[in-house]
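Single-structure report; data block below.
Lettered A, B, C and D in written order, each chain numbered from 1.
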């Protein structure tokens, strides 16, 4: 029982983290049809920006609560700046290309951003533990857990809800779904598609950054930790169905829980399970468990 | 050149006699004004901040000092066998295969005279065969897996850092002495040579030192640089074991401590960290008190304010003034390796009576015993290629006056107390109950 | 060849999620027949062709070729048994020249693809290709890349490629659609001549009644997935139902894109 | 068969080129020799990827076969003490081709991004196993002992250098021959129009499966050669997704123009990385990534198209 609760909570914690990181990826793919490898870089940048801001605030001896403000500001800033630059300067000119080639281009962007981090923030790790320390811990399932991870779950729920709401209940969401359905027609209808693309990409980048920014307090933010995130979020997105938000949610939950089970029961399989599931899903349902509105025929 | 040597010889009595002897031994190498040496450490990636850069700084500091001849006596002779060292700082990140390629580049493209460095046991295990293939003197400074010299003897590879056996046995001895009540233990170690060996030898030693002790059935071996340990921490917390052993280093130790700290992990468990001192410095006041902390040698946290000897004091002050922080383990370990190389070069030069060939340097390095910053180092194992030295543990605390982290109950174990005699495999020695251990 | 008809279709039905595209179609064609298929847009002509050539699996019913049941077989197997087709939107290899197009087609057709293991530029295949190009009057374009060809020439190439496998039954889906008026008859003259001499059974979907009148022995008129008339042109074209539902409603060449013009079968994301 | 070999210019030039290189290698400094070996070895895998690319498929998971090849060499060396180059190659290619054959049944039905993703998934499964299993060397991998040829262990690397060149030449010629056959001609045909290929009576899946096995075998050989040239294997530089990324990168950089392009691309990449790493240890990824973008934007047909433009002669355009 104890073990069960623990596994569940560990799984949920990891799942929420995965979801926040992956949802941006899936939205971008759904609308722009771009498999964005650079997403991992947004994640890293978000983490760095947040960690930098938090440690700065701490040095200035502001209240630790400022840390949370920093997190969201950092995410928004990174999403806005990097997202805009990359979409306008590079991707803009590639939409005609084969999508795998675009993915490769984003790989190039990823490599560049990775090193720019080094040049901007240096190699020393950042420790922005204040927000996590601030919230303390609660006993649960016989062991104590940090409250911060629960706020992470809450954040995941908020993100999930607002994405769903934003896409289904708002005018903007409707516009986007029109664009997803058929780019040419929506252009003919006078929708400013390129603007929609830009905004969606910025949002996606922002979410990636938010993922990084929010976990920053729990880690030592050090160079090169965007790499593993990429394939993990790929797995999540593919499992759920590329371009589907509920899919990303389910995918994150599956991966999170399975990994938790593995860590507790068979640590050797920790990484294996994630990609085994990814492969299996692709084999059985290539379009993913939750195929997006318009199933893509290849 | 020769004049310069004679001049130096006069200044250093120890060497003077040798020079006389060297008169007859001919064959010396073409004298050089500068030697090129590859200094390899993590410059990027998660290990750069806590290990690579401090290590590089340590090397940088002492190389400059030696080139200028500014070290306190008796190390104050200028240069390496009179030659100025021109270091090539190289990144250790990127996986073993990439490192092997880089090693080949350093030797065959940049024509370095020797290599100093390597932090990850993975790198060391991968570099050793290449070093042997290319026959290039390589002094490993930090990595700790005993496999390096236990698997086979090496001709051109040296290591100035004691291996995981000593660190683990010392940890086990410390625990059984200071906390005889704690019988059950588990561990979290990175899933590669260093982590695997550390855990292996720690549990072997515990079996022998306290037969009543019991290892957990479910120790954790996450992939190095994983960064997220929430699930692992839960597993360890659920585990009934009272002690948690860890050989985490690089960014992982900080990440782990941060994540565990909030969850009161260190109040429920007695945490033994073989090499986490870098985290103590980086986290400062934040670092939990009461953690059993090792430094893999007489330096860093455990000896910062004692061990006052000219070389050590000079190093701490010079480092603090140049980099604004105290030197950490890696800084010392890199500096130690450079110092060792200098001593070898000078000694060989003295014996050869001229600029030494690599073989002469290797002969000089073999089995050398020298005074390092905190204590003495004996190249006792692996046919005189593997160092042994004392290893200590202490309990972390926060020093209010100095506003710096420090350690209480510091205890050091002599090299012979924690290392097998030459020729015996560590595992066998432990199995036999560590015969002849001098403590 | 046994006595059985070249093509025998019995009670063929096809419905896509409720909508009936073909309803109890019964057709019989003997060797050498030339049959015109007419009907308004969405009458089920192309669906019929697609089912016979294995692109669509019938919901029910039976298709036989010389007595052999070929219902719902793979397109390539249809080709193997000798039932081939051309397409309303020419399906050729756009980045290759006319000759290369034919060479590949020939290499595949030749003794079950064994020719594939050596160069298709072997003398005999080259000669064969030249013969094909001559027969279909496209030799002038031999080395032009397909994407640069005019609609008409591309059509001819498309048909020629359908013919290399020496089909017994050939279905042509609107061989003259998108072709300029002056080209139309030229094309049909070439094609029919080439096929007649081979004694191939031809079914072709056509909107232009003049062409139908000129070339076919029999007319199949489709309406809402059913065959409303199966008779020689003389009767068929005056049949009131046909006039009512087909001819009267249809003048301009059919603009509806054929089912899945350029899409790829059996790869719909796996 | 012979008519192709005799008539084919590319094959003749390939043989001449590699022969010259082999001779020249003898007079090169060791580090150049090394980088050439690495580059050419990678080129083998890229050659396979190029065959796939011509059919319009890009695999983001060929590190799977690269890794299988490399680890096959390391494991037979460690456990069976096999040091002979032919045996090692046989094991590596055999293992890779077999896995490719098995997975091909699934992958041949996939296209575009789904093909890329599923390949990625498969390769990461292997990665996940390797880094976690101590018996397979975990993140350390293994070092590989010196390579021998029919019982004779040469002391200089030059012999291996020549062996790699022979392998590359052989592979290049075979692929060139293959591309000239009907099957090879199908590569472009399939990319152009699968429907037509089916209606001509050929199974697209079969054709793709065959090409997939070829590419797997070549990637296996590539990994094996790499392992022997380096004397080291490990998951992060041989199986991780970034390795697949690199291979695709080289493929695009080289361009689909010719069977020689992959080897040029491989070598260029190797030197690019070496120098980037030497000039800017903190920014070498930046340089590599920048190059990748530049190529995609300004040389969509790769370096080969540049070479073609230089000596104005038409290569097999596609």
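Assume a residue touches a chain if its C-beta (ideal position, glycine included) is under 8 Å from a C-beta of that chain, and two chains touch if they have at least 3 such contacts.
These figures come from a predicted structure and were not determined experimentally.
When the contacting C-beta pairs are counted for B-D and for A-B, which pair yields the higher total?
A-B
Taking each chain's centre as the mean of its C-alpha atoms, which one lies nearest the mean of all protein C-alpha atoms here?
Taking the mean of all protein C-alpha atoms as reference, the closest chain is D.
Farthest from chain A in C-alpha centre terms, which chain would that be?
C
Using Cα averages as centroids, what's the distance between chain A and chain B in whole Å?
Comparing mean C-alpha positions, chain B is 39 Å from chain A.
Averaging over Cα atoms per chain, report the distance between chain B and chain C in Å.
The mean C-alpha positions of chain B and chain C differ by 79 Å.
Quick one: report the Å distance separating chain A from chain C, using the average Cα coordinate of each chain.
51
Which chain B residues reach two or more other chains?
Only 43-44, 221, 223 qualify.
Please output the residue numbers of chain A that touch at least 2 other chains, ranges allowed.
Touching at least two other chains: 118, 123, 267, 270-271, 286, 298.
Quick check: what residues of chain D touch more than one other chain, meaning two or more?
110-111, 114, 131-132, 282
Which part of chain D faces chain C closely enough to touch in the complex?
Chain D reaches chain C through residues 1, 3-4, 109-111, 114, 180-183, 185-186, 188-189, 192-205, 318.
Which residues of chain B touch chain A once you look at their complex with the stated criterion?
Residue list for chain B touching chain A: 43-46, 48-50, 52-53, 93, 218, 220-223, 225-228, 230-232, 234-235, 237-238, 250-251, 254-255, 258-259, 261-264, 268, 282-283, 286.
What part of chain D is in contact with chain A in the complex they form?
Contacts found on chain D: 58, 60, 106, 110-114, 116-118, 120-122, 124-125, 127-129, 131-133, 241-242, 245, 248-249, 252, 282-286, 288-293, 296-297.
For the complex, which residues does chain A have touching chain B?
Residue positions touching the partner: 2-3, 6-7, 9-11, 13-14, 17, 118, 123-125, 127, 129, 132-133, 135-137, 142-146, 148-149, 215, 217-220, 222-225, 228, 259-260, 263-264, 267, 270-271.
Which stretch or stretches of chain C touch chain D in the complex?
Checking each residue of chain C against chain D gives 53, 74-76, 79-80, 84-85, 87, 91-96, 100, 103-105, 107-109, 113, 115-122, 161-162, 164-165, 260, 262-267, 269-270.
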